[in-house]
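Dropping the structures in below, format is structure tokens.
Here chain A shows up in two complexes: once beside chain B, once beside chain C.
== the complex of A and B ==
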């Protein structure tokens, strides 16, 4: 089977998964403890108004008869699959969901991107370095650091880092001030990054600088994870027979590390990286709250507890789509890195 | 004793008193404990012994591949191969001793005099028959040569060569002292001079690169071949190890090869470096019997074609009978018997070798039960003051626990046959034999181990 037909097949196979997970999302949303009509009308208790609201969100028809659940289910599925995401009920009544998501998504993507990058660029090199120099002082330092990063909870680390950075000028006696370090930033430098016109180098620098503390906190546990798994993977590869064969061939150590060890050690890291990439996109509620970043995580949390069902459903749908595509991407990476993975 | 540096029949590899130990928190394991042997050009030398007897560590010591916590503690490994010597001498001029140049620069008589005035005696330098002779006599009789001074380390002591010298060149001859070589020097020696094939062909190839890629890597490194020429050569090598359809196979990955084919590919990879000595560490253990026979046949063919020397490690006496010209038997880090293959099979001397041969099923057809050697190989964690095989030996007697046997000549014909056992030499009475071993430097244990007294 060729690479392309393999991917066509993977895409087709993803469809039932998508339908199944959306059905579950529908059940969970509708069986939840929140009555959407009460959520919208709030404290007003006017029966006529309630009726009007229920009609407008499609729970009863024009005659006041309840619309059967299966019909609602089909409407829900049809709307999602055609990307007709509807309008928000509660959070921002009447605004279209796509508009809401479009306004929040860039910050979350920016945050997720940098936290994945921080984890990748710090965790993996550190892990590989520790694995190549096992049981040395630097290995112990790196491994211990990995455990600490892994163990520090986000809500705690976020608060500590943000308060340290805000007070950096006082703490260092003016020697270091995070707010004007490299580029001047507003709000003490620990607030949501302005994501306007990133083609301008200064804007870009500000955007990166402002996201880094949050990205570090969000990526901290992934960083520790990737470090530890990278270390184990390298250790396992270093002691394998083919590395010894390469050594017996007289290859220089540089070639052995970069050609023979590196690529094999990446194989067990692929699922770790992709699994975490999703966590970072969806699970940033706490970090977004601490660093005042109004992103998708916060939006989803609000939508879920306030009973904004179209918004919550749409966000779930998007998260499922992202997960499925990351999964396919992961399999794609596998076939590139490891020739033993077949296409059938 | 001094050995002449330049002789036609010089072995390609000389291992002398090699000692490799592993240092753990608990103990020091003497994995290879004072072994000496040689490998001639075009010869196949087998190393046989149970698991844990130090066979693989010997091979790794020769390749300079002993990993921490292991270390080569002493002895010498000399690789005599003119092109390798020239190559390394060019790469490491500061660590090369040119015997010809030394002869011109220094007066040998004066050097020997300096040694004799120092801590050395004439018998030390030239053997018992020259005891008390003066420097001039030694040099005139040719008992001491500049080459001897370099080889035995006196030259470094006199300060005329660098202490870290590991390449010695004498005209067109010379050797590389592997135990003294720096990491970079070892790397240059590996593959091109001495190549090695490992135990498990299934995991000896990197799974993420094609067979061709891994062979071409060796070709580029050692022979500077790239591109199309490297591909052609790789195809030729695969054909040489009888891989069918080599041109297509070269772009396949190791997992697409069967076990036997993978071992062939590993052999092709080793041959790509054009080595002079091939070390095979149990290359057929993981393969089934038919494939095993094919691989052995292949090795023999290649050896004939290229006049390759082979050091073949196995625990399988049947394989050994098939391929080896000479067999060294190892037990607990020591060499206990050494003989030409035919002699060893017909007339094994050491009780351990006898036991090994008796435990081959096909040699005892019809027997009630297969005879085996009871017990396990002990971990050699102290200097031997006794025979390490004694606890398992059917012929052990009292002295075996008190005297460490040395290798003595037990040859009957012109075959060079030695065994390290207190039962030999056979023509001596037992007490005399024991005394003989003691006098030849066999370590002696005292009556009680806590009353060690060196004066006795």
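== the complex of A and C ==
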């Protein structure tokens, strides 16, 4: 199988995967032990309201007759695939889900962007450094630190970092105060970043500063992974034949490191970086809850615990779409950068 | 031994009968070890069977907790009988128990202690009991290892098996051994929670109004106070005047290895020990379920290939496309008030959900090795010899992939522990009164930079330690069974296993 037909196969496979995973969501939402209407209505016991809710989410038709489950299933799938995501009932009654997503997404994207960036900029250089100086004291320090860092639960790291930053002035006796460090920020500097007018340098600085603690926490496990994998990849590349050849023909060390080692060691890091996106979606729920960032993760969490199941289902669909596109992107990157892939 | 001539297949029973002495010695040792802890073993068995029976009954009748007598007399009878077994177990003698080595007592005016083991201060009495428990546990494990050595040197027919190489590599793998020791400490904490904790969970949290504490007050009189009141007055609430930190005594002469909790007080170590029990329960059950599914599909897809492989790829990709953490949140909401969610305050539900959601990762991990082994000549030989497909898979393929299941299993238990505590931190995981580490972190959240920093800090450190140890153990097993493996290959699955989103 050539690598492009391998890629095409992966692309085609994404379709049944999308359909099947949304079917799982349908089973949980509509066939689970909870009645979706009661979840939305809660203690409010107005029959007319119940009817309106049931009609809106497609449980009964206009005359009040129940719609059979298989028709519900097709309606559910059709709505999702045509991006007719419905309305929110509890979180913000009457607002369309697309509007809610559009208003919340920027903060989550900002958070995700910085956590990927922080993890990449710290994890990969550290890992490569450790790999180029194996079995030295600095290698052990970096490796051990990476292992510990990776095992830290986000929620715990989050509360520790946010508490320390909020109390930074008292703890250091006023020597360091996170709230007015570099730029002055409100709320102790660990609240949601204001994302208005990022072209203004000061606003941009505030937005970056406020997102950094959350991004550091969210990227923590990926940072550790990138470090570990980066170290192993460099170690393997350093001992490979082509590096020996390059050295034998007298290439300067700088060229060997940057051209032959660095570029090849990046290949095994591709799945780690793309797997990061996956961690980010799940982790954003916890991190957004701790740092009070009103993003998509918090929206999903609120929707789920307050019984706004149609909203939660639509959000899940968006998340699945993101995951699948990232998987496809990963296959695409692999297809381009590593010609050996695809004879599976 | 039978090295000179060809092995004839003598059953192990006959081999032992021919040379009974080493086996008998080992068996006697095992029986003595078990008898020492008979009461604890019987009562733990009773509790486990009781839970299992309640689940089965609940599954048939859908009644809350499965022990409502009106709905099902026979079921209630079974559960009551098992409860009786548990009580009977409690009445049996147990050497290493709270009753034998008590750590609760009150100071006397002469400066000694009354009611504690040998009059030792409570801290030493408690430490002594914990030390003995772990000594027992490690000795027990060593005895099992000794049993394996006995088997190898006296009863095994083959001189050498591939497992010998695995064992040899593991014996010098310090990082893996570090992981193993920590994991054993963690398992011991959960398994022996009623004994290693300074106070029982029943007295500490469930029924503190029914227990009394004796203490020596400032005027030199011995007073009694309800446990509930003592807990409240010795709670850690941030300012130094109302705080009982790690390794310190409260005003009532009680020792708190990890300090006390905030509201309504209580011992943090006890909370952690019983919480370890819950984490262990969820992790092991989930691993059991997903390991079974993964092994089943792994063998099936490797043996039949083609369409069966494609079908499992689609199903497992679909499950993996949904962020696990979000799906678990959704499930925990949907199952609110359902009878399944009542066992262990949601523990069983989470165990089942994680079991059904984590198998794709495991299956991905064993898929490659299973394909490799299915291409071997011995599988082909077995097939052409006329051996049934199920027998071939079980005898010639399964042993090869079990090790890989162990590697990723230990990584995944770490991920599950983090996820469950993250859910509990958010308030939708294990609900009170069942303890969960994440809830202690949530309770201590407001006190991180105060005198009561220990409430949130210690549970987090323990999670880091246990997860690191599980990763180390996984690394050890991998290097043991497959020294050529490149950890770079497994990067993505490792990332997914370790994080999970907590």
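By definition in this document, the second predicted complex is superposed on the first by the 315 of 344 C-alpha atoms of A that agree within 3 Å, B and C clash if a C-alpha of one lies under 4 Å from a C-alpha of the other, contacts with A are read in each partner's own complex, and residues count from 1 in each chain.
Everything that follows uses one rule, which is that a contact is a pair of C-beta atoms (placed from the backbone, for glycine too) under 8 Å apart; a residue touches a chain by one contact, two chains touch by 3 or more.
Note that this is a predicted model, so its numbers are computed, not measured.
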First (chain B), second (chain C), both or neither touched by A:260: first
Quick check for you: in the superposed arrangement, does A:173 touch first (chain B), second (chain C), both or neither? neither
With both complexes superposed on chain A, which partner does A:251 reach: first (chain B), second (chain C), both or neither? first
Could you tell me if A:240 is touching chain B, chain C, both of them or neither one (first, second, both, neither)? first
Which chain makes contact with more of the residues of chain A, chain B or else chain C? C
Could you say whether A:320 touches chain B, chain C, both of them, or neither, answering first, second, both or neither? second
Please work out whether A:150 is in contact with chain B alone, chain C alone, both, or neither, and reply first, second, both or neither. second
Go through the superposed model and pick first if A:337 touches only chain B, second if only chain C, both, or neither. first
Across the two complexes, what residues of chain A are contacted by chain B and by chain C? none
Using the touch definition up top, name the residues of chain C that touch chain A in the complex. 313-315, 317-327, 329-331, 333-338, 414, 418, 421-422, 425-426, 428, 438, 441, 445, 448-449, 456-457, 459-460, 463-464, 467-468, 471, 486-489, 491-492, 494-496, 498-502
Once bound in the complex, which stretches of chain A touch chain C? 13, 16-18, 20-21, 24-25, 28-29, 32-34, 39, 147-148, 150-157, 159-160, 163-164, 166-167, 170-171, 221-222, 225, 228-229, 232-233, 236, 268-269, 271-272, 274-276, 278-279, 281-283, 285-286, 289, 300-301, 304-305, 307, 309, 312, 316, 319-320, 323-324, 327
Can you name the residues of chain A that touch chain B in the complex? 240-242, 244-252, 255, 259-260, 263-264, 267, 337-340
Which residues of chain B touch chain A once you look at their complex with the stated criterion? 63, 65, 187-192, 195-196, 198-200, 203-210, 217-218, 221-222, 253, 255, 266, 269-270, 273
